[in-house]
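Both complexes below contain chain A, partnered by chain B and then by chain C.
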Partner chain A sequence: MTIVRRVVGGLAMPLGSVVFAFVVGGLIVAATGGNPFSAYAGLVCGGFGIGCTQGENPALQISNTIVFLTPLITTGVAVALPFRAGLFNIGAEGQLLAGSMACTAIGIKFSSLPTPILLPMVLLGGMVAGALWAGVAGVLKATVGAHEVVTTIMMNYIAQWLLRYLIIGGPLQLAAGTSKSLPIGPGARLATLLPSDNSLIVFGLPASVYRVHSGLFIAIVAAAVFAFLLWRTTLGYEIRAVGQSQRAARYAGVSVRRTIIVTMLIAGAFSGLAGAIQIAGVDHNLTDKYFSDTTGFDAIAVALLGLGSAVGIVLASLLFGALHAGGSVMQSDAGISSNLVLVLQALILFSIAANFLGAIRQLIPGLRRQAGAPPPETPAAALMTEAAAASEPGSQAT
Partner chain B sequence: MTGLSDILHLLYTANLWQAALAAAVLLLLPALGGVISERSGVVNIAMEGMMLTGAFFGVVADLAWHNPWLATGVAILAGGLMALVHAVVSIRFHADQIVSGIAINIFAAGITVFLVNRIYGIQDVGHATQSELLPNFNVPGLDQLPFLGQVLFQQNVVVYAALILLVLVHIVLFRTRLGLRIRAVGEHPQAADTAGINVYLIRYGAVVTSGFLSGLAGAFLAIGVSNTFVPNMTDGRGYIALAAMIFGKWTPFGAFVACLIFGLGQAIYDNNSIIHVSPYLLSMLPYILTLVVLAGLVGRSSPPAADGIPYVPGSE
Partner chain C sequence: MGQTRLRLLGLVAVALMLAAACGGTSSNTSTKQFKIGLVTDIGGLNDKSFNHLADVGLLKAVTDFNVKGDVKESKTGDDYIPNLTNFASTGYDLVIGVGFLMQEAVGTVSGQFPNVHFAIIDGSGTDAAGNDLKHANVASLFFREQDAGAMVGVISGMLEKQGKLKNNKGVISAVGGVSIPPVNHYIAGYKWAATMEDPGIKVLVGYSNDFTDPAKCKGVAQQQIQGNSDVVFQVAGGCGLGALQAAGQAGVKSIGVDADQKDADPSVIASALKKVDVATYTAIKSVVNGQFAAGALTFDIQNDGAGYQVDNFTLPADILAEVTKIHDEIKAGTLTPPADIPA
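Take a look at the complex of A and B:
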């Protein structure tokens, strides 16, 4: 009974936040003279291939959603793991870019190698690059107490400019005047699930238009590794202990410094993997599309909405992947800018952070908690109590 | 080292320093906002979003009324309104201030382009037509000084306003009772509350002020430096302002020095046609420098003690 109540209670917050966002988003659409129902119908069609009216291919829409959700899972994990240690990794985007740059560089340099050698090389290379990118923040946090939020923001921008340098006038540029890199070698590419064969017709379209690739399975394995690491290993115990209370963890013999650095390294490796998979599975080269990539920021919403659990992260990735895929259909079918998706995402974040749901519940007499019960803590705050405490001078990580 | 000598040559031109000061002011305004907000104990990484909102509504108002002054007022209010959302969520609802800040930035990026589309019917380009600009103003007499005249006294009106605000913020923060209260609330809200200071009121005021300043910067960007709204036109300036605030150790003049360094980098970047260093590598410098400062290589930089911690009366 208590388990059922906990599951329902656990789902109420994320579902409520999503409902809140869609209601407010719908009001914004209506207030600006649009039709929220046709906007959301476009989103559902684009995201899940359901109820399409303009002849969209449902299978293709679902394929697009899966392509979008794949990197969200791995970067979501990269945000959720540090959360457990009381660290806020805003740097998943920079780490992802570092991973995609390393993957591309290796994939170009060794383009003649066969798949069994080159593919592991580019994926591992991406993970190492992401780990190093996050490691800077981890080391600065553990040694001088520099706040990881600030350092990871700086590292994001350094990655952005490095990317521009590499593909505009830098060593990876395809040709003068272009803003993209050379393609990676054929051995560095992840297989698509369907053969890229134009004569094979699947669900009414040539098989080559479906971009779904085997990176999806890597991402799901990554989520499983995250859950195993967190709950079944000594390191996971140490990470959770540091997140609960650095002082108590220290008394229990945990090296807080070491845990912080290792946590950030692992998180960065997950983000770097996401970047490498995007190159190896989808794009096969770096393009200016990556200048405006927001996967690493979407990952923050994914981690929070998924309540930091592996299953939650996969489900939240599905939602955001569908929103991304749906945005363009909403724009073409309903004439509502796909940027509404960003608005919805921000509203979900507000709702989770501020626990509007809890506040609304307090206003409804039947649902109000018994007097004397402590106010429900917001999940973000619960995940981050130690992060806040650690920014106090004198309680720096030692 | 042709690159280096080119930069040295550039440094002798008044044009460069004139542009550097203008670029610095674009960063200084949100940085001052950040200083005020964080001194009161509310972490603010949302200057980017507040600035973008200000830029957008400034252009909308300017196109509607053809009056840049009125438009600037609208931009300031729009920035303040976004800040009020951050304030309510962080102060009233005790939300995580970093999540709220990220949400503001994402919301601003989304809602501005969404509204461009609704108002002007342009699909995702966001180019509105030309707007009336905030004017330049040459200080009579002083603008004829060699070198300095061009750098300091042939500037946009917003530049002068920002320099006055810089001094004003410094005086208010460190020379007045109000400033003492703001700093007390940011260092030890429990003690401040006990002493009869309204912690919430101070924090609301500080956060909304940061929005006003960021909104003004947005107006300067959209109807001063340029004359249109482009999606995501702030291009990370709010985050560089955040870096400048930290670089300057949460003080107005410290932040100003950082903004000047970053603004100079921007001005050199804009003159990239005559230098041979990749402008993209140069653009990394503000962020790398900030990391160096954070690493403690140039003295420690630590935030106010209660920065980022929601205040709940009666808690310790």
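Take a look at the complex of A and C:
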């Protein structure tokens, strides 16, 4: 019984936030002269291939959603893990870019190697690059106390400008006058689930339009590794202990410095993996589209909505991936600007941060918690207070 | 072996997903209404530039030919392929990709849907290495941007020569987005024409390496203005709006690009026009008339696909006469601005 109640209590906040966002989003659509129902029908069609009216292919829509959600899972983990240690990793984007750059560089340099050697090389290379990118922030936090929010944001800029240099005038540029890199070798590519063949017709369309690749499984394994690490290992215990109270952790013999650095290294590796998977599975080269990539920032919302848990992150990634894929279908079918998707994402985040649901529950007597019930389950909000406690003056890492 | 098994697993997974989601299929009506899909690049419809103009061309075609026109705005580069594929797979007759950035995506999707017509502004359908795939269903809509660049170059060069500008040290400048052909064509025409009018003129050229962030172009423009530039020509899409602002704040003049940008900043004295609306309209017309032709289609001053506009400013009679004369010579083909930036 307690477990059921805790699960329901845990789900109430993210579900409530999503419902809140959709209701307010619907009001905004209606206020601007659109029809919220056709807008959401377009989103559902575009995201899940359900109820399409304009002949959209359901398999194609689901495939697009999966392609979008894959990098969100690993970057979501990269944000959630440091949250548990009381650290805000705003740098998942920069770490993702570092991973994609390393993956591309290795994939081009050793392009003739066969898959069994080259594929692990590019994925591990991406993870190492991401880890180093985040590790800088971790080391600075642990040694001189530089706030990780500031350092990770700055590292994002460095990654973005490094990327520009590399593919515009730098060593990875394809040719003068282009803003992309050479393609990585065939051995560095993750297999797509269906053969990339224009003549093979699957579900009424050429098989090559379904871009779902095996990176999906890597991402799901990464989420499982994250859960195992956090709840079943000594390191995970130390991470959570540092997140709860650095002083108590230190008293219990945990090295806070070491934990902070290791946490950031692991988080960066997850983000770097996302970047490597995008290159190896989808793009096969670095292009100017990475200038406008927002995966690492969406990951912050994914981690919060997923309450920092592995399952939650996968589900939140599914929602965000579906919103991403659904936006353009909504725009062409219902005539509603796809900017609505950004509004919905912001509303979800806003609702979680403000914890509306907790306030509403306090206001309605019937919903108020009875004595003896388990303590309130609002992990995302709790995570924030933990982080706030960690940055109290005097609780510097030593 | 491992891959085959993985694919099999994937097939099963996709089949399972489909079991839950069975959609309808499109049906053909007897009276054919053409369906046109437009995919913007990351600049979006409100870029006051070529995405906006492409939409203008589409809307005109919707009125004139009674076609169904729909738009998908790309939020990130990840959206290009899904947006193009979505149109191509839902029975659209022509799918238009706006911009050079979409070349590879158009190359991929046009190969998957050989029976759908594609048009791309400023580029062709390419493979990952940037080679034109020359698919028989892709029309490449190119512009001789140097024609438009030359017209504003004449205006800038003459103004500078006559000493009517602020610094009056014989320096003008251009802020490019990324050093790619469409950007460099504009700058080539600009520099060529300005030098023709005033052989001693110095033309500073800088790149922001960005098309969306105004702050980056503002920085490049401010450096050029410190180097005594009197006219800043922006060739950087949404990023370039920052260059126009920088000119306005420093009290020097600026020149807009692609669309008429007189409203972007009071410092704008002219705009180099790339008539993407004309190109889009022409491509749609060709499909409606059954005369679609693959390959390159070039728009320039000769076919009224490029030009200039004077903004917030009245040209002195002598400059107007010179500008009109050069325009007529380019139109007649007796004068040809270069495609590469002169040394």
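Basically, the second predicted complex is superposed on the first by the 378 of 398 C-alpha atoms of A that agree within 3 Å, B and C clash if a C-alpha of one lies under 4 Å from a C-alpha of the other, contacts with A are read in each partner's own complex, and residues count from 1 in each chain.
One rule holds for everything that comes next: a residue touches a chain if its C-beta (ideal position, glycine included) is under 8 Å from a C-beta of that chain, and two chains touch if they have at least 3 such contacts.
Keep in mind that this is a model prediction, so the values were computed, not measured.
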Touching partner for A:His284 - first (chain B), second (chain C), both, neither: second
Which of chain B and chain C A:Pro206 touches, first, second, both or neither: second
Touching partner for A:Ser214 - first (chain B), second (chain C), both, neither: second
Partner chain(s) touched by A:Ser338 [first = chain B, second = chain C, both, neither]: both
Partner chain(s) touched by A:Ile158 [first = chain B, second = chain C, both, neither]: first
First (chain B), second (chain C), both or neither touched by A:Phe110: neither
Touched partner set for A:Leu60, first chain B, second chain C, both or neither: second
First, second, both or neither for A:Phe297, with chain B first and chain C second: first
Touching partner for A:Tyr237 - first (chain B), second (chain C), both, neither: neither
Overlap of the chain B and chain C footprints on chain A, listed as residue numbers: 164, 168-169, 292, 331, 337-339, 341-342
Residues of chain A defined as touching chain B within the complex: 28, 32-34, 88, 90, 136, 140, 144-147, 149-151, 153-155, 157-158, 160-162, 164-165, 168-170, 292, 297, 300, 304, 331, 336-343, 345-347, 349-350, 352-356, 359, 378, 380-381, 384, 388, 391-393
Touching residues (chain side chain A, partner chain C) in the complex: 45-46, 48-60, 62-64, 67-68, 164, 168-169, 174-180, 182-183, 191-195, 198, 202-206, 208-212, 214, 282, 284-285, 287-294, 324-325, 327-329, 331-333, 337-339, 341-342
Partner chain A, residues of chain C touching it in the complex: 3, 6-7, 9-11, 13-14, 17-18, 20-26, 37, 42, 70-83, 85-87, 89-91, 101, 104, 108-109, 111-113, 128-130, 178-181, 184, 209-210, 212
Partner chain A, residues of chain B touching it in the complex: 45, 85, 89, 93-96, 98-100, 102-104, 106-107, 109-111, 113-119, 123-124, 232, 236, 239, 242-243, 246, 278, 280-281, 283-284, 287-288, 290-291, 294-296, 300, 302-303, 305, 307-310
